[in-house]
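Down below are the structures I want you to see.
Shared chain: chain A. Partners: chain B in the first complex, chain C in the second.
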Partner chain A sequence: MSGLEKINATLHWLSGLSERVPGAAMVGRYIQRSHQNDPVRTALEIGLALFAIRYFLASRKAVSKRTYVPFTEKEVDELVEDWYPEPLVPESLDLVQRMQLSRNPILVGANGPKTHITSPPPLYPVAADDASPHSPSSPGTDSASLVTSSSDLSSDGELIAPHNAIPPHYSVSKAFEPIDYAAFSTKEVVNFALPSLYSFDQRPEVKANAIRITREYGVGVCGPTGFYGYLDVQISLEKRMAAFLGTEDVVIYTQALATATSVLPAFCKRGDIVVADQSVNFAIQKGIQISRCTAHYFAHNDLRDLENILEKVYTSSLKRKPLTRHFLVIEGIYDATGQIPNVPEILKLAKKYKFRIILDQTWSLGVLGDKGKGILSRYNIDPTDIDITIGSLAHSLGSGGGFCAGSNDVVAHQRINSPAVVFSAALPAVLANSAEKSLDLLESEGDKLLADLQKNIQAVRAVLSKVSNLIKIMSDPDSPLIIVQVKHEVLISVLKRRGPLVPEISYDETFEVNGLGQLKRRVSAGKIPLPFSLSGKSTTHRRRRALSNSKVTYDAERVILQEIIDLCLQDGVLLSRQIAIESLERRPIKPALKIIVPQGLTVKECEKSANVVKSALQKVLGKKH
Partner chain B sequence: MKQKLPQLFKHNKSASNGTISVSATATDLNDNEFGPLTSKEYLYHCPPSHAELDIDEKCEPQYYILVCTYLSYLILIILGHIEDFFGKRLYPTKYRHLTEFDGYAPLNSGFDNFYIRRLKRRLDTAFSRPTTGVPGRYIRVLERRSINDNESFEFTGETRDCLNLSSYNYLGFAQSQGHCADAVEQAIKTHGITTSAPRSMYGSSVLHDETEKLVARYFNRESALVFSMGFATNAALFMPLAQKGCLIISDELNHSSIRFGTRLTGAVIKIFKHNDMQELEAVLREQISQGQPRTHRPWRKIFVAVEGLYSMEGTMCDLPRLIELRRRYKFYLFVDEAHSVGAIGSHSGGVTDFFNIPTNEIDILMGTFTKSFGASGGYVCGDASLINYLKLTNSNYVYGEPVAPAVLTQISVSLKIMLNEIAPGQGSERLERLGFNSRYLRLGLRRLGFIECGHQDSPILPVMIYLPSRLLMVSKLILERYNIAVVLAGYPATPLSEARVRLCMSAALTKEDLDYLLRAIDKVGDELDLKYCYGRTPETSWNIDNVFDTLVEDCKKDEFFK
Partner chain C sequence: MSKPRTRQKRSSSLIQHIKEETIEEKSDQQSLPNLNADWVNSRGAWLIHLVIIALLKVIYGLFPWVSSNMSWTLTNLTYVVGSYIMFHHVTGIPFDFNSGAYDNLNMWEQIDDGDQYTPTKKFLLGVPVGLFLISTHYTDYDLTQFVINCAICLFAVIPKLPSSDRVRFSINAPNDDDDDDQDDHSS
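Showing the complex of A and B:
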């Protein structure tokens, strides 16, 4: 019997067997037909079937063989024994970080253009609570010398700079000493750090309305919009906002910061191209990062650079099929600089090079344009020319949450594909409704409110411009967000005069080129090692390497700015500085004073407060000291 | 607001009239938001200590159900493509956003969009149902209809009051009256709507400070931070903690926010099978011994991220085993207690409370206030060093808007109620009612032959439906015929073949409500053939008429859940 006949016989036997299994006759016929007296073909098919089975059974997590080192169980046990992680967080904070934490007073009551503040809670719990039997102590905490021990605590349970941490030859900044914020709990301070520009959130009618809503809806929505969390108040806010902005539809987000971070990945996918201003805010940066698209950044507000990049992207994309999506991301008023982009020109470029625009109106909404309708209204641009508008309900509208406006398609897509919409509980009814009430107020009183705000802004700027020998005002004249940078030469001279302010870090090249080589020597002698790490290795080395030049100079600058802020507070003016997460920002953020001018002050009060800022600037930065 | 809901009680014989309240909660509460307790029998106190996780074996459906499920998706996909084929030619304007236009690439990819356009749209009547009022014991759904195959909806102007099994309202704090609402009203009066500025720029108020101290005390940790959005809490949490050279090992069923947050870090992410501690250990051993890919340097830090209670499965993480592994492998443990906090444990403290494990065994304890406390936002608890570091590096703290005073007050008052500091007795009653309700409904469903999954004490009860066509019918029938609101969960929240209905238990529901629900679900189950396990064992073959006989006593015994 030849091999061919054998196979035929087997198939016959199988088909006999299959008659007993329902439906198998069909399979049998298929096999018979595919065999067609061709053993090579049958062998090939069997081979393929075996390969398919092996493929399905194979582990999906196969590791790359080339880099895998096989170990015995015992060796793995030893390696596990030996491995120690780095501490979860750095075990001690440096002086500037501690300064930042201690300079964060808390509000006593409502926030407004004039407000009351008091001391923040201590950094470390003062005494172990009797109620907590598990006092958490991770190994190694006690070894960190900079961690405030209970003996160092001042009356507030607070001390920023333990005396032994600062070598004697440093000029200790006042910014490292505790401040008695509690004194301001009864004394009013003027608030130059209030994003709720019109204080709609404190209006009696808005509050009364919020109470009514609480009595009707409770506080929490108890579910995402997809699952019975889509309240009629949200629908009404969406409609109202769409009408206000002149777009087809709007979707509400629960937090302003999460909006951009979630909108970008909903539209931009891997392979798409995003061109963004290099100073875009943190939320946009993270949105670009998570969307895994190709990002290009143009120099801040530089149209020529923008055109170069757009042209390059456009010409290179022409060769590729199918087309990829191109987005251009800008802000209405930049959070980092207070500048306003030339939107008409940008729009022209975007149309020319087929880019869709994503516009972040976080600061511009309620400030620019007719009745605060935003930057598009200011330039008389048709809102439908902008594909995606992101905005905040938490800034000038004085509520909470964010929104994204656009065409019906853009919004419908987000309701299903934007992670922060789909996977998050909806915005509480109280906040949604308050935002809507604020829109009403903006529409009815907008002209007067915006005019008042502009008067205040101009009053503050007029006073500050008197010290333009010391500072540079970065912001656009219309922006309520005034970013004030200290001029570089002024800063250098202050540092020359006062010596290093921040002992923990070394001043290297940046200062050397400025002829401050002697500082470097002094500081490196006084460097404080940071003793920690469970493995016994010192991480000082890594820390030092990680400190970029920019951070080195910026830290000293921050201390100087904090001295100015502290001086202003003594005279009853609360202002802030650019506070950024250096390790997570795409590029270092230059320290600057951040003055937000609210509408609720009179021009006189603004001038008076601006004069306080002016004299503090003169006192800290001026020649006479 | 105090109106009775006659059309509901008509069906509900046992709760028809004269419900006697033996509740410790104040009598001024609205019964439509929080049902009165009708008997002390209907309470269950979760025992204080569980040494290990009881793994509950899920009953498997018949094979033909799975085959039919895949078949129906196949038919849907084929039909969808046919529709698209003709649609693109006949109505090109409707496909504008999916086609190239004037040199612009389509805004959405047609392929990505296919599921939504052709499959989900058919179910759209059951999603995003607009509501109004308090999502308490009853929820008021706004009626709507569509004349263009669910492309858009219009309101009919009518409302429907439904028994609420859809909202995350475990402890029943979704209320417009009572201690919380009174305090919230006061807070709005004194603090306004918002404190406006980011926390790093003077946006903190004494309310934030008080609430954070309270949260820290509630979880027995040194410090805590509260954030204005639960999703964003996770999304921003990992960025400063995990850098390049770190490893994050994440459960495959972790919530989207955890995946979002971990993807924003430079760390390597590995996934392990849901609740499979053996696989987790294997991954840990391999990763620690092999080190970082290619360079073989030791990992800088290793994080293991799990949830306390998984929102789609109702399963609990195996915390005792995780703690053992943590001691041995020295990883940092992150537990997301979004659903478990408040809902489980003998003192409503979440999974750590349930297994009686000290909270300092968990390095990063995260959770939300949306689900149990009727508020909004999230929290992180840990050592003071962690919280101080987060105050410098967490984007929600540094850039984000603060939690609103109204929400903060809701959080702190509800926490105080659960700590029995306000209205003593009310907190434990809420917890015990939730415990009883969850077990009662779960055992009832099981005895009727439904496939429910999850831990016996979990307030999330997914009921497996499998077939997409039945999914829509269940939601329709149960809403329109019986006035009950349930949540549908399908792809992408669950695997494609495992569509389910999710019932979220609440302390606001009474035992009579659950009896009504069981009767309704039984009818629907018979009609649509959903009792996939009926007849398998005597335990799953009870009749609706005698299922209630011993259910109250039996549901308190663990042996019936084995």
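Showing the complex of A and C:
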């Protein structure tokens, strides 16, 4: 019997079925008709039908691993019951954090180049012994309970206990001792920690205007401009700012920090490429992170490294199909180092490799260039050559908020696409008006103000340069933000001489070779990675170790710097140091003193204050102690 | 978890696999409902496939020079090509809800979070198979038309198979190795 006959026989049997099974007659007829003496096709169709049946009967299957754990209703209830809110300030602060909290000065009255400060009540006492002669004025039981509530009571208690608990060979840092509050009850100090360089906010005409505007417009606007439109003072500030900077248009942001974190995601999306200096400020780092773009970082102010990266990104982008946006992010004066980039060269490179520039003028506006028009004016660059300029109204302009300047298209895009413009309440009228008045003042008195500021900066630098054997001034000579780092060898000798500052913050000799040496090499190559990486790469562990190593000596360095700051404060000079939330920064922040020279002091006052800083540096870092 | 997957690419292959998303991308995908793919699970969305096929058949029937046999083949072809473009060719989503976390995935891979053998996927695979069987039946088993319909059917079915998930065919595909050094320029 041939195959054909067999199939025919089967079909015959099937047609017989049709009499017994209801509906089978139709199927039988279909199969009989479709067979048409063509076994190959019949086999194909049957195969297809079998495949379809198998597919239909298969049960649901997940391709990728779930990123969440499925809970039952009961488990969810249990978890909800167990949950309690975390305290806003974690209970287990480390020593440096506690030191920082105990050292926050409180201003009394108006802030300015000279200001009155008082000291805070002891939130987290650094030396919580009731017997101490310098015991804080608040009840000792309170402060002790804060400490004893932490889980590792014994070790913690020992750490913060005074001299009797610490072996005699430890030379405990004064930064962990309580401040003598009696000496600080509202004391006038020279303020070297004030970003409002010209104190425009203290001018009588600006104050009077602010009062008038507040009476007229109220204290704030209750929603985004997209809801209730713009106030005339906001529009007038935008126009004034655009005219001042020489760009087509400006959009105002309500907060300086929210400017970069909002402008970057408005323009860069996933797949776009950002090349940024490795020392860009926190806001830009977060903006890059939120925007989900691919980021490359070049070594700080290193044009050759920048060109290498731009070339690499450019050539690889030529091979890719969807053409993505490329941005280059720099700052006018770097917040981290006070250095000024060579913008003309960077502009040339950006044009050569087709990158758009995002320039952060937070520190450079009001300081550099003709009448403080910023870094572009200093280098005689046409402002329209830079695609996006962001900046702050809270620094030299002494108001509040931020701005982004650019072409009409760049600004119009942000009005409906920038998160902080769309979702955040608009800038209060009084801040907008104050910023505009500051711009007026800058335009009318700019030459004199900038000259004064430069005189003060040079006076302070001249004094500080006398101790250049101890410190390294990182900043550009023109920058009012003076970043002072302790020289590496000086730091090491100080730490060696003093030994462990407290048991926890000790100085490890091996670290000098393995940890910091390696760390230094990594910094120079521009390869310090995220403190914590989501990608789970194999090298993460090594990086974490390098970071935690750096934390130990960096903590020791911070304590030393705090001693210097405390000494300066005793002699009436308020200054600050680089303070960052380490876990949120891309790379470890090198501890440094931060001196901001205001315009409102005379050269003599500046010299006097700088001498205070100088003698504090000599006292803490100098050879004889 | 084992070491992270990278893009699997053979030296001279036209076939590439889309690499698995990072945790960051996955959380972006889950952050908001995927409006681009969720609607296919509703009943109306199933019905519309049948309605469109019926309309195509009616429209092709209106042309006097298209025979009845031919109109079934054309209906099959139009439906399959149209659904291929919709489900397999276009990637990403037209809305800006997920920060571009779906940019690499086509709609078929987005449906039901990429799960296989879900009711909707079964239905969407069943439609071209049924259409093929009907088409061959109504074209009176003409060999040429059968071959055309069969090819169309395979064109619809193969991309929907679980083994085709996240597979791309391309000539002169870009080398994506550079993507790995995100946040960490290392060279």
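Convention: the second predicted complex is superposed on the first by the 437 of 625 C-alpha atoms of A that agree within 3 Å, B and C clash if a C-alpha of one lies under 4 Å from a C-alpha of the other, contacts with A are read in each partner's own complex, and residues count from 1 in each chain.
Simple rule for what comes next: a residue touches a chain if its C-beta (ideal position, glycine included) is under 8 Å from a C-beta of that chain, and two chains touch if they have at least 3 such contacts.
Remember, predicted model here, so these are calculated numbers, not experimental data.
Enquirer: Tell me the contact category for A:A295 with respect to chain B and chain C: first, second, both or neither.
Expert: second
Enquirer: Please determine whether it is chain B or chain C that touches the greater number of chain A residues.
Expert: After superposition, B is the partner touching more of chain A.
Enquirer: Given the touch rule stated above, what does A:A52 touch, chain B (first), chain C (second), both, or neither?
Expert: Once the two structures are laid over each other on A, A:A52 reaches chain C alone.
Enquirer: Looking at A:K269, would you say it contacts chain B, chain C, both, or neither? Reply first, second, both or neither.
Expert: A:K269: touches chain B and chain C.
Enquirer: Pick one for A:R33: touches chain B only (first), chain C only (second), both, or neither.
Expert: Only chain C; A:R33 stays clear of chain B.
Enquirer: Which of the two partners, first being chain B and second being chain C, lies in contact with A:F71: first, second, both, or neither?
Expert: After superposition on chain A, A:F71 lies in contact with chain B alone.
Enquirer: Let me test your reading of the model: by the given contact rule, A:R215 touches which partner, first (chain B), second (chain C), both or neither?
Expert: The answer is first: A:R215 touches chain B but not chain C.
Enquirer: Go through the superposed model and pick first if A:I235 touches only chain B, second if only chain C, both, or neither.
Expert: A:I235 sits against chain B, while chain C stays out of touch.
Enquirer: Which residues would you name on chain A as touching chain B in one complex and chain C in the other?
Expert: 63-64, 67-68, 269
Enquirer: Hey, which residues of chain A end up touching chain C in the complex?
Expert: My answer: residues 30, 33-34, 36, 38, 41, 44-45, 48-49, 52, 55-56, 58-64, 67-68, 269-271, 292, 294-298, 308-309, 312, 316, 319-321, 526-527, 529-530, 533-538, 586.
Enquirer: Quick one: which bits of chain C touch chain A in the complex? Just the residue numbers, please.
Expert: 1, 3-4, 20-24, 26-28, 30, 96, 99-101, 103, 113-118, 122, 125-126, 129, 132-133, 136-137, 141, 146, 150, 153, 162, 165-166, 174-175, 178-179, 181-187
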